[in-house]
Amino acid sequence: MDIGSFLINAILLVFLAATAIAVARLQNLFAGAMLFGIYSLLSAGVFVVLDAVDVAFTEAAVGAGIATILMLSTIALTGIKHESIPIRPLRSLLLVAVVGAALIYGTFDMPRFGDAEAPAHQHVALRYLQQSGDEIGIPNVVTSVLASYRGYDTLGEVAVIFTAGIGVLCLLGGSRRRRTDPADKS
Amino acid sequence: MYIAGIAAVLVTMALTLARAFMGPTVYDRILAVNSFGTKTVLIIALYGYFTGRPDFLDIALVYALINFIGTIAVLKFFEYGDLGRDRPSQPDDI
Amino acid sequence: MQLLLDAISWICLLSGGFFVVAGGIGLLRFPDFFTRLHAASVTDTLGTGLILLGLMLQSGFSQASVKLILILVFLFFSSPTAAHALAKAALHGKLVPFVKR
Amino acid sequence: MKHAFSLFAVLAGLWILLSGEFQTLLLVLGVISAAGVCWLALRMDAKDGEYPVVNVRLLRLGRYWLWLIKEIVKANINVTREILRPELRLSPSIFRVPADGLSELGQVTYANSITLTPGTVSINIKDRHIEVHALIQPAADDLQRGEMVRRLRRLEPN
């Protein structure tokens, strides 16, 4: 990664952190949901800079689109202000510090960013990149991996997501109908 | 030269973020998010050219669409949903 | 010829960047929501238009240019609609515009 | 039927423009997805079968767009000058402009054109009038002179 990309990424990460802190400090939940929209836009920018274009694509659809709507639906069912509960800052800080340290420790075993010797680039990835065009005939490698090499896996995944979607729709749509019915009669 | 454009967009992102943090009304925040979406489209397009791979434009295209749909959905929700019926537009206390 | 195109595209990118930043400053500086709406539209129209035009000049007659034109068209149709919806929603929500008589 | 066909043509064209691939398999997939979207759109449109029939002369539309872009550039420069002024001297106002003599599509175009030019935002459409919020007096005067609505009226198919 050259210096320009590095700088862009660093600035985007600073924005990301600032947004996260602002979300945590806001009392108004609607404003928080709006800031989460900005958060996912920013993280998509980070993904693009990190070359994870397909992840950025997903973030666009899920983070900026559906997640915001889901959060707003939840707020509509509950309330716009969140109750301030007494928190013990020291204990929370300790917990966050321990979990954060464990996560950072975990990254020590990971290959360096962009390392050509990384295990992920050693086994099937090479073949996918070099031969998927001839074998499958789809120009986008990610698509041929997801829909062909790993087709059954994707089918199962999609089935799970579809079921979850129906479940969410039943929960949200059903309760809204119950709530508006008495209002119509009055 | 692309880096100058990217820098301009990043500076504007910071300004928009400040507006989103300050509010004071809900509409200011929605405006800031909508405006932020346009800037994301710009920065993705510019970055694609900066690294010499204009294929990134596909994502910029998707963002241009989703941003609009998102804003309209939020507004529709805000106007017809249960949100903010008690205090629709007063500066939301932070 | 190539140099001329490059120069024009650089001018577009730089002035586009200028208008984008100007819109951002207005968004921060203007006194109420309705006036900020005007500032945001500076970024959305001329700022975006000039930057995308500058990129188009860089890629010439190609698929990338087609995509850039599509982005521009989408933005030019959607941004006024979003701005109108925002203004109408704010008015509907009893937000009183600050008006000088 | 005419509507479905034109929708299909637009979608298929979009597919080819965006993909830039001309293999048989991909073209067939494109045709299938375009047809699927057409079918969905027709099903959704079943309730209000009102389509804006586009028979505006394209040349005039192009000329309107050129004029609008010129106006947008001018308005942008004006608003930017206001933004960068050391102390703000805004004179926001709200007024109504007549939008009679325009079809529904024409009114939408009018309102969107007003919003697209910085300095004026259309905030409401009520009984053939558009309520406009203007940032500075020159922008408001420009709009009230009615040049835009005159040009739009000339676009109307009679």
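Letters A, B, C and D name the chains as they come in the text, with residue numbers starting at 1 for each one.
FYI, contacts are C-beta pairs under 8 Å (C-beta built on N, C-alpha and C of every residue); 3 or more make two chains touch, one makes a residue touch a chain.
Keep in mind it's a predicted model, so treat the numbers as computed, not measured.
Colleague: Identify the chain pair with more contacting C-beta pairs: C-D or B-C.
Modeller: Between the chain pairs C-D and B-C, B-C carries more contacts.
Colleague: By C-alpha centroids, what is the most central chain here?
Modeller: Taking the mean of all protein C-alpha atoms as reference, the closest chain is B.
Colleague: From the mean C-alpha coordinate of chain A to that of chain C, what's the distance rounded to whole Å?
Modeller: Going by mean C-alpha positions, chain A sits 28 Å from chain C.
Colleague: Just give me the whole-number Å value for how far the CA centre of chain A lies from that of chain B.
Modeller: Chain A and chain B have C-alpha centres separated by 17 Å.
Colleague: Could you grab the centroid distance between chain B and chain C? Build each centroid from C-alpha atoms only and quote it in angstrom.
Modeller: Chain centres of chain B and chain C, defined by C-alpha means, are spaced 12 Å apart.
Colleague: Provide the list of chain B residues touching at least two other chains, using ranges where the numbers run on.
Modeller: Answer for chain B, listing residues that touch two or more other chains: 13-14, 26, 30, 32, 58, 61, 67, 78, 84.
Colleague: Provide the list of chain D residues touching at least two other chains, using ranges where the numbers run on.
Modeller: Each of 18 in chain D touches at least two other chains.
Colleague: Looking at the complex, which residues from chain B come into contact with chain C?
Modeller: Per the touch definition, chain B meets chain C at residues 1-2, 4-5, 7-9, 11-16, 18-19, 25-28, 30-32, 34-35, 38-39, 41-42, 45-46, 49, 54, 57-58, 60-61, 64-65, 67-68, 71-72, 75, 78-79, 84, 88-89.
Colleague: Using the touch definition up top, name the residues of chain A that touch chain B in the complex.
Modeller: Result: residues 4-5, 8, 11-12, 15, 18-19, 22, 25-28, 30-31, 34-35, 37-38, 41-42, 44-45, 48-49, 53, 56-57, 60-61, 64-65, 68-69, 72-73, 75-77, 80, 179 of chain A touch chain B.
Colleague: Show which residues of chain D lie in contact with chain C when the two form their complex.
Modeller: Checking each residue of chain D against chain C gives 17-18, 20, 72-73, 76, 79-80, 82-84, 88, 90-94, 111-113, 115-124, 133, 135.
Colleague: Give the list of chain D residues in touch with chain A in this complex.
Modeller: 21, 23, 25-26
Colleague: Taking the complex as given, what residues does chain B use to touch chain A?
Modeller: Those residues of chain B that touch chain A are 3, 6, 10, 13-14, 17, 20-21, 23, 26, 29-30, 32-33, 36-37, 40, 43-44, 47, 50-51, 55-56, 58-59, 62-63, 66-67, 69-70, 73-74, 77-78, 81-84, 92-94.
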